[in-house]
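What follows is a group of structures, each given as structure tokens.
Shared chain: chain A. Partners: chain B in the first complex, chain C in the second.
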Partner chain A sequence: MIGFDFDYYRPSSIEEAVSVYQRLEGQGRHPVYLSGSTEFITFARVGLMCSGAVIDLKGIPECRMLAAGEREMTFGAALTLSELDDSKAFPLLGDTGAGIADRTSRNKITLGGNVCSRLIYKEAVLPLLLTDSDVVVAGSSGIRRVPISRLFDREMRLGRGEFLVQFIVGSSYRSLPYASVKKRKASAIDYPVVTVTALAAPQGVRYAFSGLCAFPFRSEAVERALNERGLPPEERIRLAAGMLPEPILSDVKASADYRELVWRLTLTDVMEALES
Partner chain B sequence: MRLEWRINGEGRSADIRPADLLLDVLRESFGLTGAKPGCRNGDCGACTVMANGLPMKSCLMLAVEAAGQDIVTIEGLANAPAQRAFIEMFAFQCGYCTPGFILNVHALSLAHPQADEATVRSWLQSNICRCTSYEEIREAVYSVLGSARGTIDATNG
Partner chain C sequence: METIGQSVPKKESPDKVSGAAMYTADRIEARMLHARYVISPYAHARIAGVDAAEASRMPGVRAIVTGQDSDVLTGEELRDRPVIARDRVRYQGEIVAVVVADTEAQAKGAADAVRVRYEPLPVVHSPAAALRPDAPILHERLGEYVRGAGVIPIPGTNVASVIRIAKGDMEQGWAESEIVVDNRVTFGPSDHAAMETRSAICEIRPDGHIVIESSTQVPFAVKKYIASYFGIDSGFIIVKTPFVGGAYGGKTAIHLEPIAYLASRAVGGRKVKLVNTREEDMVTSPGRIGLDAVVRLGSTRDGRIQAAQILYHFDGGAYNDKSSDVARAAAADCSGPYAIRNLHCECLTVYTNHTFPAAFRGYGHSELTMAMERAIDKLADTLGMDPWDVRMINSIKPGDIAPTRDRLTRSNLGDIQTCLRRLKELSDWESSFSRVDDYKVRATGISCFWKNSSIDSDAGSGAILLFNPDGSVNLETGVVEIGTGTKTVLAQMVAERFGMSVDRVHVKFAVNTLDTPEHWKTVASRGTFMAGRAALKAADDAIRQLKDIAAAVLKVVPEDLAIGGEKVFLRDDPSLSIPVKDICYGYKYPNGHAIGGQIIGRGVYIQRRIEPLNPLTGEGTPGPEWGVGAQAVEIELDLRDCSYRLLRSISVIDAGRVLNLKGALGQVMGASAMGLSYASREAFYYNADGQVLDPTLRDYTLMRYGENPAYTVEFIENPCLEAPFGARALGEHGLIGMPAALASAVSRAAGVRLNVLPLFPETVWRARNGGEGTS
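Right after this comes the complex of A and B.
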């Protein structure tokens, strides 16, 4: 049971969502946007999240859009991870999303909700980082389309009252070889010890990670080290380890030493697969 | 607020708070106690129901989110092939996880009557059985998919 009351709004357009937010914010109700609402429900139940009003984005057609055109693919933020996987529109995104939680939960968990999750993993963002996707964001000053590198730094940096509408990915990325490998500690359903995603672009292999540090990331310095093809893979990984944006995470799931070992082994396999 | 759902084929309505979970509304407003509270955190699958044909964890859904949807609980699956298979294969011990498993298997057999091993694995990983009846559950699942296949073959033939 959720121990506090809130009002529920389900706007059917972007404009309506923005204006409902502004009105509720003006009334001091601290509204929150929801799409899958799984995290909101589980956090609210134990008092980790509280709000006087929630705005469910699932009724907005743009947030539910899934399109694969010749130049661009569009993924609405309120699409579920199961829908993305089943559509086969973009296998790197579908496969990475399919590693999150379990199938029944993925029938409800959404792309936007996972990327904006308060948890540290946000694995669905990895393919979006690898493909330099654009993010369509809506707020009181209108709708803007921004490169993900300008919005995502450890977490999605949205302005007050803004929400994610869509991610737009170049269609050429669809046919590039990729790897998406999630290493868990014990059971088949769990948060990652590390997740390594990689995409073999013409200029070199791109890499993005979750679980390694306390946030998901793609780093130019790490990528440069891993693409020093003149060096053996172990040496490149050693160099990359020295360039991580933050010391490796150590928590109840895995010590930093264990995480690093799993990361090195996984990365070795991925490099071998994508460089051959 | 007063909301309506179609539950086990019948139109039903109830006064609820927007903060009420579908799990609690099914149990407390409609007496459908087959949806079981386990972890209440999305981890165990005991609370699984079908919403518009998809298995959903009713502890991860606000009742208001499901307004107007077609909800099926275990009470609506009396004598369904999945229920019969679980009985015939002795696919339970204490039975607490069983409604959730049956709902998931029923939804799987409708969505993928020819489901391959990988699909079965992926769908069934959503449910946990503390009594570890997994071997018998597996047999029940394959017998349901077999019977679904039989229906399709019979229809096509």
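Right after this comes the complex of A and C.
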């Protein structure tokens, strides 16, 4: 049970959400946006999150949009991971999301919620990084559409009172070969030791990782090293290992050296699959 | 009408699958108060002060109970545990204060506002650390604690209990040994992870009756111990237990009930409800015991074990509860199902700053089995012998002597040889190791086990049979329905005795100590044995009464009558009969005169000739029979990262007699899954301060449905003559060999001897690279 009282708001438009936020913020209520609420509920009940008011974004049509046009695919931030997977709209995103938690949880966990998670994994962001997606963000100054590379650096850098509305992905990415491999400590349902996602773009294979460091990332330097086709894969991986944005994580899921081993093996398999 | 052996569906299933079944925490009443705990974040600290001033002024708060409110010490074997921590906490999660409020939210809010000042003390992380000469002493007053017979503490140390088993002549055993191997196994505590977290509700009525509802396996023990702890006449204590949502031994500890009593007492006796959160259930309430064990085996070159020297250091946690008794059960069966003439075992239960343990399915036996079976594998490797052959050569037989010096018979001992032979066929033992491709290897590991269910020598059970006007029967026993389907099996026994349909035997699920006949404890796989004996006796009692009435009506002597199909009939002329429904409430003649009266069948059972172990020699009789079995696990391991898949789990178990086939299969498969889960992935991680890093199901992983191997379970039937229909205990046994068999399989596949649990792929990988995890 949650040991504090809070008010629940469910606006039905972007404008209403923004104005409710501003009003609550002005009243010193420290409002938080949420959609699937799984993280709020589980953290609030153990005292790791507290708020006087929550604003549920699931009632906003734009946040629930799922569209696959000829040029662009649109994924509302309040779509659940199960909906994304079941729709088969974008298998790279669907598969990667389907590796998170269990089905019951994924029926609640949303795309935007996972990307903005307080946990370090945020695996749903990996396909969005691989595809240079755009992010539609709403806030007091209106709605803006920004390339994800400008907004995501270890975590989503949203302004105060801003929330995610949609991700927009080029439709051409839908047909590219991809890999999404999640390695866990032992169980079929767990956080990753490492998750490797890759997309075979015409210019080269793109890679993004979760679990390897304390944040998900896609790195130009790492990608360049992994695409040095003149070198054998193990040499390329060795080069890439030297360019990681941070030393490899060591925690109860895996020690750094074992995590590195799993990363190397997984990457080797992925490279072999996507380069052949 | 044959009912025994049939796969009768559990009678509680419709309630459970429809969500109608009610558990302790489901009870909601308007006037009920709610409690939340303040728990210690420290594994070991002095409590310098508890400031509840602010919390007590918060809305809805009725009382705040702390350790100062009661100086009662609790514990079944050794009374070492305050109801609520006083002056000192000895494990992270220990309850320091309890807030009682009108709503749970108010209680939780106020609990968060209680300020406790702690002065951290050095933490004892393991049995080895606890036994160092300079170790902090966790219980300075160990020598003063009230203790049960057979518990021998060493005051001034962290040793809560010492037990020794001595059989034969060790010097001779070593002299006859041509090969000696040593093997050490180590594993820490883990959780029961029952679906229902533990809960208790207590009310003290104006007339003095204390009514406790609890998710417990031991309502009758709760009554007895609450009476003794607080000096109350036991007749004034009523304990009720509805369905229990999984127990696995974790609900044998009398932990929350005394707290609920103090909480109710603090608010003038009003009803107070306590429900563990999942996190509290994992760290505050007890889990599975840890073990550090060394087994030394001496053998001839042809694999005959001549001597075994066994050393157990059980991680007894912060308080003793049942840990020294789990240790005793392990020591009593320390040889495993092997005939070892010369045997010595020293078994220490050691205090550490871990959560105190409770019973856990297997009661020390998966632990002792892991220690012994890993040593046998090492012996086989050293001798260059087939591990199956070493087990078969040394397997125990009728006529051999148990470590407790009991003489084994065909009745009190299962048939391990037949189990082993069948296991060899089912597991394709001849091809138990194969390469799949460049990286993948398949391997099978095996383990034997035995288990005697050691319970109090005067433990008993009772049963009452009542009739309905339609001639059907109501059965009441004190067994708690913890999910094992025991009450359905008891109904089968009664139906069999009456020759009637089991659908016409109704059972009562809830236990109420006020009017339910006592069943000692729903533990030790003893429900079908003890309550079964009582139920059969009750059936015989009712049948005798029915025959007496029928004899008068039919004008024959009772000895000439038989019962079946809900009729009492003349044995040599069944056409002369009277329906049970016409006599179960007495018989009324056409003229209105009546004879007989309602039939109440009554049956009791008490254990026979059980003798407590002599703690110095281990001599005694721990229980009525040793169940045995042989198990195998097949895995496929990727040598690169040492990840592995569980392919097959095979169990061949001597059931004595299968009472309910699908029920028995379910028990063995469920227990096997539990064993594989704890052996492969369940563990608490502690930081340098002794705090649990994974006290949530987010990080503490359990095996899920999709991860199970294919289960093959077969039973052999070598009856135990003392048991109803010959049935041996079965509820725990499927678990016992699983950790050892898995460790054996992974060791064979990885080519390295693994002696730690759980066997995470990283653990295996590290062992292959020369790190810990090997011997």
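Assume the second predicted complex is superposed on the first by the 276 of 276 C-alpha atoms of A that agree within 3 Å, B and C clash if a C-alpha of one lies under 4 Å from a C-alpha of the other, contacts with A are read in each partner's own complex, and residues count from 1 in each chain.
Convention: a residue touches a chain if its C-beta (ideal position, glycine included) is under 8 Å from a C-beta of that chain, and two chains touch if they have at least 3 such contacts.
Please read all numbers here as calculations on a predicted model, not as lab measurements.
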- Can A:Ala188 be said to touch chain B (first), chain C (second), both, or neither? both
- Would you check which partner chain A:Leu265 touches, where first means chain B only, second means chain C only, and both and neither mean what they say? second
- Query: Which partner does A:Ala98 reach: the first (chain B), the second (chain C), both, or neither?
  - Reply: first
- Is A:Glu235 contacted by the first partner chain B, the second partner chain C, both or neither? neither
- For A:Asn107, is the partner it touches chain B (first), chain C (second), both, or none of the two (neither)? first
- Message: Is A:Ile41 touching anything from chain B or chain C once the two structures are fitted on A? First, second, both or neither.
- Response: first
- Counting only touches as set out at the top, which of chain B and chain C does A:Phe4 meet: first, second, both, neither? both
- Taking the superposition as given, does A:Ser255 touch the first partner, chain B, the second, chain C, both, or neither? second
- Message: Under the contact rule defined above, give the chain A residues that sit at the interface with chain B and also at the interface with chain C.
- Response: 1-2, 4-5, 42, 45, 102, 188-189
- Item | Contacting residues of chain A [partner chain B, same complex] | 1-2, 4-8, 37-38, 41-42, 44-45, 54, 56, 58, 82, 98, 101-105, 107-108, 188-189
- Message: Could you list, by residue number, the parts of chain A that touch chain C in their complex?
- Response: 1-5, 42, 45-47, 102, 183, 185-191, 252, 254-255, 258, 261-262, 265
- Residues of chain C defined as touching chain A within the complex: 104-105, 108-109, 111-112, 277, 279, 640-641, 643, 680-681, 685, 693-694, 696, 698-699, 701-704, 706-707, 758, 760-762, 765-766
- Note on the structure: In the complex, chain B touches chain A at residues 17-21, 24, 40-43, 45, 48, 54-57, 59-62, 64-65, 104, 122-123, 125-127
